[in-house]
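In order of appearance the chains are A, B and C, and numbering begins at 1 in each one.
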Amino acid sequence: MRYNPAMATSRATRGNFFEDFETGQLLRHAIPRTVTEGDVSLYIALTGDRRPMHCSAEVARSLGYARERVHDLLVFHMVFGKTVGDVSLNAVANLGYADLRFGRPVYPGDTLRAESEVLGRRETSSGTSGIVWVRTTGLNQRDEVVLSYARWVMVQKRGSAPTGAKDSPPLPAEVPASELHFHPELEPQMLSEVAWAFGGRARWDDYVVGERIDHHGGMTIEESDHMTATRLYQNTALVHFDQHAMAGSRFGRRLMYGGHVISVAYAAAMNGFENGLGMLAWNGGQHVSPTFAGDTLYAWTEITDKQPLTNNDSVGALRCRLVAAKNVDPVKEGVQRRIKDAEGKDAYDPRVVLDLDFWLAMPRKLASDE
Amino acid sequence: MRYNPAMATSRATRGNFFEDFETGQLLRHAIPRTVTEGDVSLYIALTGDRRPMHCSAEVARSLGYARERVHDLLVFHMVFGKTVGDVSLNAVANLGYADLRFGRPVYPGDTLRAESEVLGRRETSSGTSGIVWVRTTGLNQRDEVVLSYARWVMVQKRGSAPTGAKDSPPLPAEVPASELHFHPELEPQMLSEVAWAFGGRARWDDYVVGERIDHHGGMTIEESDHMTATRLYQNTALVHFDQHAMAGSRFGRRLMYGGHVISVAYAAAMNGFENGLGMLAWNGGQHVSPTFAGDTLYAWTEITDKQPLTNNDSVGALRCRLVAAKNVDPVKEGVQRRIKDAEGKDAYDPRVVLDLDFWLAMPRKLASDE
Amino acid sequence: MRYNPAMATSRATRGNFFEDFETGQLLRHAIPRTVTEGDVSLYIALTGDRRPMHCSAEVARSLGYARERVHDLLVFHMVFGKTVGDVSLNAVANLGYADLRFGRPVYPGDTLRAESEVLGRRETSSGTSGIVWVRTTGLNQRDEVVLSYARWVMVQKRGSAPTGAKDSPPLPAEVPASELHFHPELEPQMLSEVAWAFGGRARWDDYVVGERIDHHGGMTIEESDHMTATRLYQNTALVHFDQHAMAGSRFGRRLMYGGHVISVAYAAAMNGFENGLGMLAWNGGQHVSPTFAGDTLYAWTEITDKQPLTNNDSVGALRCRLVAAKNVDPVKEGVQRRIKDAEGKDAYDPRVVLDLDFWLAMPRKLASDE
């Protein structure tokens, strides 16, 4: 039978619009994914990350893990990617993250899936969109939680009828240090033996609240780089891929997946935090401005707090503000996270693209180290 | 001893020319390849494919497979790539495919090799080239057939002497539905249990012959994307890689490997065919127009037939016409596969780049699903 | 506590300057790396390499290896990458290599680390930089040597005070053939059985000293290609990544990692050396000119010597001069390694970018082959 053009159907999905969300609704996201050694290599190739916990089976084993752990941010991107088709395919803007906690370590061979619960909704005054809050949980094949976070996005409305939705949820401003966990208790001797593998001098005790560490050197991102990363995470947001459509947008070009900016900035943050053992939690995060192919990303970290861990004597938590700026070298040209704008108000420097507030696990100096 | 410029030799191969092929000849292609988890990850990163059978070991196992299957098209590209050095290094055009059948599933760790038999040859009226038909077979390390297909290419002649070659072979217009096989009989209960992982609603019974499904959203391809994919497949056709030489061609630039277009279009076709279980066979396929870096690819599928499988009650076959067009959004701007050209003749729309006629395996509704 | 801009610290490292090196000093480089199947796939995808020893577990096993060996150059790049942070982060130029020897085969799953000993230093007459010689050793998780080589780089000085450093070490002009080793003794029967997998005709006996083999076809490199390769190797040299900074350099753009040029040229050199079994040693190597994204690389090989191996009757060594030129097709346009420059002096053709002098392992014709 011949194809009949009149029979074009809408069987393909176009994602959910603001009206489709209901507070309390549970979204079970499709496409579970087995994370493999291939994903691990690609993550390194796309970001330049060098953390030995994630690239050396020997280092990871000597610290008490089964083998090299899948990078915290690779876990985040894989989980996040699964949610896009249900949550943010029609997003106008990805507004923020809160209360993100990493759970069980992920190893190559584990299979990840994701669920999201709608926490609340609020229609915006424009009447054409609304904000949706979700809590997303990433789980492994044993249904153990590997990641959990709240996120809010501005989503297009399907129609113009007011919805009256107005139940935005309360969200914590931070993950309290008392709730942070780092699993293996590190043996002082072991830590000293593998110190060479990390290449850094400073431990938790050395960092000072108020300190800013510039990570030196920029990374210019090409279209192919960010699209390959975003495809790896099976993130289907069209804004990252479709130049033909984006040529007509207000940007005139493809938008970079904000998560790639986080990864590139965090890879740079190896310099100055060599002994870091991974992210424990995010207090919050914001993609301050969009990033495009051709932009060069620089990063620095501001230390805003430091706390011991209640369940682990060998590791402490540094509260870090990871900031990325584009096309300005913070060392040579100078740039601050917050400035006074033309009207004298406190605002982000317009060249800042990322502001991520997270807790970093860092080994402590131990008696035997002296 | 010093190098003597007069001793430049022709030890390096330049591939076969039309005169080098003999009907009945068997070409045993070099470079067997162990397909790994790395290849699987790269396939996802380069195409954005999300079919859970190929990216989740858990889903694949629950459906009766040993683990995640290597993607049908990754198998195709790996096998195809091996043939290029012998068959199409001097190709003027890759004209078409017929009677392609997938055989044994391929798993990471399997080693693939390829053989081709020359089915026939016909010199073209120009006298400078001829068409060569081959049947290529892909085999695993146990010599089991994983893929078999006929392909014809226009190949340059080495000289100007007429060859008189004129034995073009008959080729079937389709793979009859009665010869299609899908291996595991799916248990209704299992299928229901993993339905969430596919994320789709429709099954074989829901699709209508004559229906067209637009897959929404374009993918813009960069030089690095298509070259990386083509290198991954160890496809050595120079037209994809050598800008210095291609600057002098009639295109003025590198040609994209047509197989990458198939992969990108098929990845898009997840949207609307979420429950698809893989390609069973290709009836035919044609690269209608060339694609270049910077082009944005859109895809739709026309359903032209549907048939039950004789060996499997739980799966049916949908005959699909996967069409890719470039730089025109089929949903927003409208484009048809066939149009009337300036002279009123039936022709491809000039923006169409791919027309692939294949059988897709799709689970059926089972009594227990109601 | 709020961040205090006055507290910007220099905790992040900026690498070593000329004054920081001491002859005899041992640098134990950080970031050991487990090489995986993912790295192997990416190496193929980035370079197009097709050597069956490195991509087919079946071929490698039939020749006496445990499984596919990690590519010699992937081992080199991984080891080299680790040294950059300590040795060449402040390099002005990477001047050369000598006495490079491959040791134990590397398999996916092995973990590589690197050490360097400073062999000598010489301040240059400019007073702003100096040359540092190091010997780098790559080791696996059993502390077996997988690679060892000497390298010298011109490194910036931190200050202007003269150092008087002037102890440049002697370096051998070649690795004597008598010190080359190839491990498995190949069984003639086995070699004949897998000959099809290599796809070549010539063996050691067929090559002629003085012969030049052009490898046909160019590869155009994109920014994304060389940066992805360089990130995969965790090579942190800023000149490859930071367009914002490099715009102000004398090149005006990012420099391609010279190792990527070696890999692309060597991948091309499969054509004409199909039966090659791997690199045994480098006598020397030089990055003659810089390469940039957009350049098209062509390669040829000049055979300058051939020697039997003292420890292996089935394999011989070919001394090869692998030359890469950019944006000129050696076959169609003609280019020689050395020319007479405007003043009549012997010099490199300005389009030559690489000159690598290495020993290649090549199977010999055996009695049973006749």
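Throughout what follows, a contact is a pair of C-beta atoms (placed from the backbone, for glycine too) under 8 Å apart; a residue touches a chain by one contact, two chains touch by 3 or more.
Here the structure is a predicted model, which is why all the values come from computation and not from measurement.
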C-alpha-based rotation, chain B on chain C, 0 to 180 degrees, nearest 5: 120
Copies chain B and chain A - interface residue numbers shared by over half, same or different: different
Rounded Å distance, chain A centre to chain B centre (Cα mean): 35
Residue list for chain A, restricted to those that touch at least two other chains: 36-39, 41-42, 222-224, 228
Of all residues in chain A, those that touch chain B in their complex: 1-5, 7-9, 11-14, 28-34, 36-39, 41-42, 85, 109, 111, 113, 141, 222-224, 227-229, 231-232, 234, 236, 238, 241-245, 254
Chain C partner contacts - residues on chain A that touch it in the complex: 36-42, 44-48, 50, 52, 55-59, 68, 196-200, 202, 207-220, 222-225, 228, 271-272, 274, 294, 296, 298, 302-305, 321, 327-329, 332, 336-337
